[in-house]
């Protein structure tokens, strides 16, 4: 059964058709990469899936349930987590507070007291290797660590689908390696949708790739298939 | 007086209000448009224009039209100077941050109002109109000066439009509004533009104050209702949009004139405020503002 | 700073405040009672503005709603002080929730203007219905209403106790709240609302909850002010009482628990001093606003927090 299915999604801004009749699907437990040149509509598509934007037309199904009209914060509770392209951690709160917010948000009801929260937060931080920084202000972390914190928050939401928007941008080579290891460990319990420009990461990690161009799907398939596709080579990979 | 003439009178009164409001609100809209800040002291500048007109007329003596003309020339200048000082000493230091500017201009408003109270006392001061012409209509006589106010406002607003659309100064202001960083890269001294715009906005408010003072009397608290109405006009018209401001001023002025004539002014204000709030909530970009959806 | 230490610190502050009633002359004790009620008002404002980033210019509406929701029934029907307080708190909460439903659909400058306009409408309505509300002149509360649990609130001692108890309750509630999960959400909303949404929170509901609570504090403050000083009037619905909590909060330290108390006290005594020198009280308020925002935007406790105690709530 498919985890996510989108049919005929469209969204335009004024005269610009950012996403134009896109069909899209995700299989549970896969790492799926979304690639395409700048302005192809990747972030718009992902915003439609996560609920940040409403589509002009089309339908979105999550595990068979129609979530097209569901507001973003409810989709989070249904299991879709989105991490931002531009790092959006809460710089004035501690690392611990940042992750705690995610744990609280992902289904746990807001109560005034509780220790299970503390344990869950600690577990999430340990998993990404940030446990030593838990008392630091998020704003004081290095850029690479902030990116990782962003991912940690996504994980702490306990999602079925984790959407990562250009997660390795600005990371050093060593950090990217660690990141790849982290992602590999997350599937197949989780499904990952990845917007990426770093082709090494894409080719190594992705089970399937979708290529977008000018708001439309240009190609879809395994990394090998997509890499061999002449249209893709012409438009994007610069063969 | 029959219903028809009463309606006509209400519309004419509303037109005068709309004219003065359009001038005052343009200043507010300009400041928000270019500097992206809300000047809560705007009503205080309006009041200062009226008070300064009283001072100039009383000090100069001589024929009324001379005093009035002098006031029209000098009051806006003095208020503009004060505004420029406020921008340099206070607003620039807080880097025109939106929230901080609101707080600072609230403080400025209180200081200006209280200063005026201390110097001039709590009584309203009258200033005689520069001329006594009365337009005699079949149903009632109407003050020629009020008609002059409408005319003056139209002329000034046309001049403002020309300034913004056709002059170099206007070009500089619009460039700064679009993108201050890019403007800086083109050699525009953004700080100075901001001070200039802030002063100019204050001058517009002051001119409106000078024009209204023969009709309304100068009083240290008179800025409050103008401030609120200017806010209303600018929000409904769309923050930063001059055509929208003008249209909204017309609508607000005329409806206020009509409602005040036939119902209680207090009730009129209640209804107006609630309606405006609802507009703001459901159509935040106003009539002409750029939609942010 | 550990949780136990934080609580001890704040409880010690309250203990000192409690003890002051025996140290001060009746005149100053009454002043302090007034300050505590106003600080309760400011504490509520602080929750909305200091912690959640909602710059409201319409809190006078909630203060007046509390004052009149409690006092009007007392004036017309003769109710006891307990009811005045209860009805007042409910009135403030309800008014904040109702206006919040509309106002919170806007942000930033628009929110400021909408709240300002709602407050303006409230004041105008008070004037328009002056037959029932007493208009700007207001009315005095019947002596029988100024009694709670047998204590006569026109007496300095009882007056102080009520003001203290209400303020202490408000401050302790604030402390518990800001250290709780909801407190975390409030601060996150202030910083990045969109991120909160993508973490599963409904920002509108969160902000509405905070604003309503803020209204509860304001309503309690309004009702107790009427109880303590025996008078309800339209001036409490004017913009002045929307500006004052902003000034108190900023001066004391927005986003700190004890800040509103210090801010209110500082401005109160500053105005008192200024009133001796000049009749231009509002000038002092205006100058204070400009000075604070220019040179000490973090406020008194905010500066303490930055320099010495990073974890001061």
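Descriptive notes on the structure:
In order of appearance the chains are A, B and C, and numbering begins at 1 in each one.
Convention: a contact is a pair of C-beta atoms (placed from the backbone, for glycine too) under 8 Å apart; a residue touches a chain by one contact, two chains touch by 3 or more.
Values in this document were obtained by computation on a predicted structure and should not be read as measured data.
A linear topology is adopted by the chain contact network, the touching chains following one after another without closure. Just count the C-beta contacts per chain pair and the biggest one is B-C.
Centroid analysis (C-alpha atoms only) places A farthest from subunit C. Between subunit B and subunit C, the centres computed from C-alpha atoms are 33 Å apart. For this pair, subunit A with subunit C, the centres built from the Cα atoms lie 43 Å apart. One inter-chain figure worth recording: subunit A and subunit B are separated by 50 Å, centre to centre, where each centre is the mean of the chain's CA atoms. Of all residues in subunit A, none touches two or more other chains. In the complex of the two chains, the subunit A residues touching subunit C come out as 50, 52, 71-73, 76-77, 81-82, 84, 88-93, 97, 100-102, 104-107, 110-114, 117, 153, 157. Those residues of subunit B that touch subunit C in the complex are listed here as 38, 90, 93-94, 98-100, 102-104, 106-115, 117-118, 224, 228, 231-232, 235, 239, 264, 266-267, 269-270, 273-274, 276-278, 280-282, 284.
Those residues of subunit C that touch subunit A in the shared complex are 176-177, 180-182, 184-185, 187-188, 191-192, 194-203. The touching residues of subunit C, counted against subunit B in their complex, run 55, 102-103, 105-106, 108-110, 112-114, 116-118, 120-121, 124-125, 127-128, 239, 243, 246, 250, 278-283, 285-290, 292-294, 297.
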